[in-house]
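Taking it in order: structure first as structure tokens, then the write-up.
Each chain gets a letter, A, B, C, D, E and F, in the order it is written, and its residues are counted from 1.
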Amino acid sequence: MHHDRHERGLEFLNRIDGSQGEKVMAALASVAPDLGRMIVDFGFGEVISRPGLDLKTRELCTIAMLAALGTARPQLVVHLNACLNVGATPREIVEALIQCGVYAGFPAALNALFAADEVFKERGVSPLGE
Amino acid sequence: MHHDRHERGLEFLNRIDGSQGEKVMAALASVAPDLGRMIVDFGFGEVISRPGLDLKTRELCTIAMLAALGTARPQLVVHLNACLNVGATPREIVEALIQCGVYAGFPAALNALFAADEVFKERGVSPLGE
Amino acid sequence: MHHDRHERGLEFLNRIDGSQGEKVMAALASVAPDLGRMIVDFGFGEVISRPGLDLKTRELCTIAMLAALGTARPQLVVHLNACLNVGATPREIVEALIQCGVYAGFPAALNALFAADEVFKERGVSPLGE
Amino acid sequence: MHHDRHERGLEFLNRIDGSQGEKVMAALASVAPDLGRMIVDFGFGEVISRPGLDLKTRELCTIAMLAALGTARPQLVVHLNACLNVGATPREIVEALIQCGVYAGFPAALNALFAADEVFKERGVSPLGE
Amino acid sequence: MHHDRHERGLEFLNRIDGSQGEKVMAALASVAPDLGRMIVDFGFGEVISRPGLDLKTRELCTIAMLAALGTARPQLVVHLNACLNVGATPREIVEALIQCGVYAGFPAALNALFAADEVFKERGVSPLGE
Amino acid sequence: MHHDRHERGLEFLNRIDGSQGEKVMAALASVAPDLGRMIVDFGFGEVISRPGLDLKTRELCTIAMLAALGTARPQLVVHLNACLNVGATPREIVEALIQCGVYAGFPAALNALFAADEVFKERGVSPLGE
């Protein structure tokens, strides 16, 4: 079962984060490889892979949280990509982040949307006209 | 158009928050009735009522944000009710809040889930066995 | 000079917080009387008593900060009283807190305004009609 | 009236933020132009332009909030400029930010003052000797 | 190994939190028993039980974090008790919390010390004269 | 006594922060030299130099707080160095920061550990194999 959650964690990490997940794990290798394993095994293998809420909604909730906290830009970028990877449209992402302005203030919404703008441009997609 | 957003705001406030929205407005009457109007006209009439993201996902994002911030218990309770009002199941709510533990820490998830427990009991619903 | 800052601190504590300041000091007596002395000597005697910004603006900035942080309701109540003690009007206080909604989100503004409503009612003042 | 708030919003945006406001709007064009319009129409046209609190105090409260939150450096820079634009002196700005150390900790005060140092140098002003 | 971490988690939960840990698990039973299991298995069984840092220092770091965040009073109370359970003295706890004032502001330190005062009184211990 | 705290503050600043403390003071010279003096006299001379908690535990609590807040990377870097300066091992630092993931979320832990990785590499030390 312990083995199971690791396999399941890796599978979800790859499905959701793509190559960006691997980069985070590699970056942890010299300082805290155990944290990398925890993120895969626990974060992905035990939490995010749970049934009961679809991946697209999970990822939209995640970018909303990270945008509201305003303290985790690198992780926000990873999860903006993840949102697109699991089927959210750029427009849905923008809507979730604009709504962040109501509950966490305009600066939180602005900084998250500027991060989203970079991700959208990198991937050649746009929320306009959707 | 200004009139429109007020009408639309009230309609969404009632659909989403039910009688709890009115209570918040009433509570503001002696201190800042203008803020109440802003919440209706701008918050509901101009943001939450936007097309592009369904109400259920909007409300799940909102409870995720409020749980992560950890500074807005009364508003979290209103939006836990709102989640149920717009069709989220108790299980989906629980999943969004457990996931909050990964991104904002276990205390944030715990406090939000204890609030959810109260709301579920008040409404006679349960996330277990779903 | 050390003696000076203590005297100056007490003088400003009394002028700004009135009897509420003394209550906080008394409440610290059994757990951390040194923190009480630091708040008087450093907080009031070395910072808040500095020239260069008038007390009314200082206190309005303080309630704006505490409202935005959303983690310090007891201190917000003390400083809402302090605002009134140093000459801010209920209307000015309400304006500063509504503005908090723009930069820290509506829940932060709502919770601060409900605290202000209690303070205003206790003191028999009102921001309406000003 | 809807038209009015847009005109009033633009007028206050220009008076307060100068060319920096326009840059923010332009930066939003490819990702969320609607948020730009909300900031002008609602943020400036409906909140910041309200009577009841003078613009200088409003802006000092804003930098105090943003400094305390510590999550919005780009917006802090815009509003440090705005403070100067509406008549606050560098010394008043420094006093508000030092005070932030008392209520939100020294790191929050330090980071805000380093941002202020950059803004002051860019504009050729200084808080010292005032 | 999966079984191991559950056993180890329970052992550390009991050693650190005593009966308060069980109460939290019981309180989660009707809303999110899985989160309770995650806290035991992952939080205690995989993180807090790691060698490399002694339990007393771990718990002092935890109350410092919770005090600084200011959003988790129930968990702060549990961990103030935990600090005492694993050998920290009331004086050490008070020192860690006063220091919080320097990095997260006086209100954060005050609210944490008032929580500590309650815990100390309940357990009949005192930081004074140590 | 006022003189005393300044001397004591400088002594602790040098012992804990080394040359990095001086750099912060120098950086404040053009904007708020008084804040620099407050940090030395009050922060170091009156708080951090207090008996009752050893310097190593104080610094581990400080990095835990700054990691949890997630808003003070420059100060986190200074105190990661300070931890090493007063005798904490890289492994102890890593453990404190991994634990931050449990109470403040994985993104807070990740960003703090990436900062620690840089500090460790700069100083030619490693938490692995300890």
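Here is the rule we use: contacts are C-beta pairs under 8 Å (C-beta built on N, C-alpha and C of every residue); 3 or more make two chains touch, one makes a residue touch a chain.
Since the model is a prediction, treat every value here as computed from it, not as a measurement.
Undergrad: Along the graph of touching chains, what's the shortest path length in steps from subunit B to subunit F?
TA: 1
Undergrad: Hey, which pair has more contacts between C-betas, B-C or C-D?
TA: C-D
Undergrad: In terms of contact pairs by residue number, which of D-E, A-E or B-D shares over half with B-F?
TA: Comparing each option in D-E, A-E or B-D with B-F, the repeat is D-E.
Undergrad: Quick one: compare the interface residues of subunit A with those of subunit F and tell me same or different, with half as the dividing line.
TA: Copies use mostly different positions to touch.
Undergrad: Can you grab the rotation angle between subunit B and subunit E? Superpose on CA, round to the nearest 5°.
TA: Best-fit rotation on C-alpha atoms: 120 degrees.
Undergrad: So which chain is farthest from subunit A, going by the mean of the CA atoms in each chain?
TA: Of all chains, C has its centre farthest from that of subunit A.
Undergrad: Any idea how many Å lie between the Cα centroids of subunit D and subunit F?
TA: 30
Undergrad: Rounded to a whole Å, what is the gap between the Cα centroids of subunit C and subunit F?
TA: 29
Undergrad: Report the inter-centroid distance (CA atoms only) between subunit A and subunit B in whole Å.
TA: 22
Undergrad: Residue numbers in subunit A touching 2 or more other chains?
TA: Correct list: 34, 38, 42-43, 47, 50, 66, 68-69, 71-72, 75, 94, 98, 101-108.
Undergrad: Considering the complex alone, what residue numbers of subunit D touch subunit B?
TA: 1-2, 5, 34, 38, 42, 46-47, 50
Undergrad: Can you check the complex and tell me which residues of subunit C touch subunit D?
TA: Counting only subunit C, the residues touching subunit D are 42-43, 47-48, 50, 52-53, 57-58, 60-62, 64-69, 72, 75, 91-92, 94-96, 98-104, 130.
Undergrad: Tell me, which parts of subunit B touch subunit F in their complex?
TA: 68, 101-108
Undergrad: Residue numbers of subunit C touching subunit B in their complex, please.
TA: Residues 69-71, 94, 97-98, 101, 105-111, 113-114, 116-117, 120-121, 126-128 of subunit C touch subunit B in their complex.
Undergrad: Any idea which subunit E residues touch subunit B in the complex?
TA: These residues of subunit E touch subunit B: 24, 27-28, 30-35, 38-39, 43, 66, 69, 71-72, 74-75.
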